[in-house]
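In this document, chain identifiers A, B and C correspond to the written order of the chains, with residue numbering beginning at 1 in each.
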């Protein structure tokens, strides 16, 4: 290989102020609308996983979309977050669930830095060795030593009841509200971080690392910080996955397929985009449901479920290729186009008026 | 393959159930078309968290094929005391999170028919939906697997391990080995290796095995095969080095044929390998070809197609083109028959509950 | 000591089988710069197609040829509908596209051939044989021989023929190759077809070893560390790396397992790959031009 393309191609990052209005509106809408129309199914099996996968996508996007480091080990950091939270909540007196979740995020961040260390020496494709090592090592470690699962014979842990400041949130709507609160706060924080010198340093590392180094950006520190922030977010996503979505978790639940799923969230949603994570997560969660509903409606109950499932797989694979070919900037770009249909292309300089819903 | 386990542990021996049931069935009334034609809300609904793709598809498609075919048969014969059965399927790929999603999606039927019970056929999914089942008052049925402590109905009132639970399964195997050795007291000093699947299911029995090993003075080595188990070279080299009297194979899916083939490769005799409940199907042994010769496994339900209930399924479901199996050759295999047995047990539970609550679609709480 | 040697040699032999999978990656990577994650599902597709044809009474070589034709057709389709539209895109985009491809292959093969486990008998005995006092698997020895001859054939094809010359030219400098009139699309199709052939051979051997079923597609995960250690561009390198990984994994499982826990082999190869990566960022025999810091 004489010449290699830049490590990754990404969408021009969203203009800094684009989300200034959209984000609060979206949060308020997410806090009100579902409660008006929500059913247990909508909360428990649709909205909560979408939110959590969005957060996980946000974490991976920090690393891959903004800082340009490919990772195939997202699920490992989710697992660390979930099990750290579980053990801190269980063993450290005085830690209620919410502080334990935050602490679990910090434990995941520490591991993120550890597995990010090879990025100081290798980059591009070979870096996947490090994240894959994490992907296979962490679930093994968690299931191998009974201490992590508090001696559960089968490695499955059960979540404590969900309460916050004395309120019982142990019902689908409560779980949704709890998840939404955490995800909203973190999304706002990340958005501001991306908008700060740190975020710009990441993008410089992503787009041209040698130039970034020449400009005096400490490459190693920027990369490790990206690993830390990314893993922190993934760790919290993992805790939420275990404690507000499934209510239980086993190490094997955070396998390579989960890492791929999160990767798909950011590819389909849009690399280097905050809004894209939410679109991508919604797409990943809803597509299988929609396909099986549509498939069932067309062919009726005589349809072989195995056929349906495999057809779904094919559709998923084809869509990924389609997006990569036709719209590499993902759903967020498509949505952008849709919002702009009536006005002419003005470019990215005046995004504020364009992005208003 | 032959089955050989003490009858006392098989209080719900499937063969007996099959015969018994066949005896009490009335002649078929054949009018039913397809699965569900009853008025909305008037059928007994079963959500099926099935898996027909992925590494464990062979087990899932056989089991759920049998289960569905049996329910087809019941419907073809007019339902349970006139109440037809309905069901909806959702693919889990043996994946816990998808299982939960399916549970939430399917727990209420589309037409308002009450839900009888869930049968996930996965230890992980069973764990994950345990609390939900209790909250939603839907019985969770685990056939030949599940938590040992769930046998005690007071701990988890909505969980029903059918046939063998892990404890009774392991003791059945120990008893069988004991019988071979000439009595359980002769087990002292023997060496056994447990080769288990690296999953919640695989580890489920480890505690029980330690207890029993201590009781009988057997030394046990437990060796894990990482999921999915298509590479077992080192495990079997180790087994050959240990050279135990018996190997208990607690496998699942592809791990089973690979175990048998690898055993042959290192020269460990197949007739000293004992498969557990989930290592005993045609799908487990056949791909291993000659390496499976002599392989022993315990079972609660023989394979074969000669049972009256299977003949009825053949006549009234499969020959009418309503069968659920894509490959009709798998009719009568172990997983298929397990599905049929599971269907029978589910339906019988409904029947018993109907005797108590009347001949109408029942809620999960009543079925319990 | 004898047991140690047996573990070592048995591991090395199964390592050759990992290398057999990894070779498919190398062929494609060299010709089109694509890290083809779908190689594993191509193996599944090839083995399932072959075994189902044989079970329907098609003679061995006819089934082999028919499967190969299908794989070549797939190579054309992939070039036309995936790689050509994505030319000049980043390696990571191409990698992600092959992830999508692997989903398509898995779905297609299971729709076409179902999900049952099939036995595949190549007529190679799998009884243990005694070689120099060591008890070894005759199947593994035969598989190693097949993999070895495959390597020789591929080395000849890519080394001595015009085709090989163009493959190497494209690998060395795609733009220069284009400017002297080489047709990139053709070279790409040929490389993917060769990789399909390797996938078929690997599928048959792995299928005979562990049954033809879905898990075949997961072998790709064992081939990845082999590839990282061996370097993405060297067939010889992945063979050496395969032997290293296979032997190391086996030794670790037997001798480390009892102290740190069962199931070490799930991640050991990746740990090994990481160590090698820190020492030699381009792999054992990979080309030195690969970006490093």
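Simple rule for what comes next: a residue touches a chain if its C-beta (ideal position, glycine included) is under 8 Å from a C-beta of that chain, and two chains touch if they have at least 3 such contacts.
Keep in mind that this is a model prediction, so the values were computed, not measured.
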Chain-level touch network, classified as line, ring, star, complete or other: complete
Of B-C and A-B, pair with higher C-beta contact tally: B-C
Chain whose mean Cα position lies farthest from chain C: B
Rounded Å distance between chain A and chain C, as computed from the means of their C-alpha atoms: 31
Whole-Å separation of chain centres (CA-atom averages), chain B against chain C: 36
Of all residues in chain A, the ones touching two or more other chains: 140, 306, 310, 313
Overlap residues in chain C, where contacts from two or more other chains coincide: 110, 114-115, 262-263, 266
Contacts with two or more other chains, residues of chain B listed in rising order: 52-53, 57, 61, 198, 226, 326
Of chain B, residues touching chain C in the complex: 52-55, 57-58, 61, 198, 222-226, 228-231, 233-235, 237-238, 241, 253-254, 257-258, 261, 264-267, 283, 286-289, 291, 326-327, 330
Residues of chain A touching chain C in the complex: 1-9, 70, 118, 120-126, 128-130, 132-133, 135-137, 140, 144-145, 209, 219, 256, 260, 263, 267, 306-307, 310-314, 316-321, 324-325, 328
Chain A-facing residues of chain C, complex: 33, 35, 81-82, 85-86, 88-93, 95-97, 99-108, 110-111, 114-115, 171-173, 175, 221, 224-225, 228, 232, 260-264, 266-267, 270-271, 273-274, 277-278, 281-283, 287, 289-293
Chain B to chain A touching residues, read off their complex: 34-36, 50, 52-53, 57, 61, 89-91, 93, 95-97, 100-101, 104-105, 108, 123-124, 127-128, 130-132, 198-201, 203-204, 206-207, 226-227, 326
List of chain A residues in touch with chain B within their complex: 40-41, 44-45, 49, 140, 143, 153-156, 158, 241, 245-250, 252-253, 257, 289, 292, 301-302, 304-306, 308-310, 313
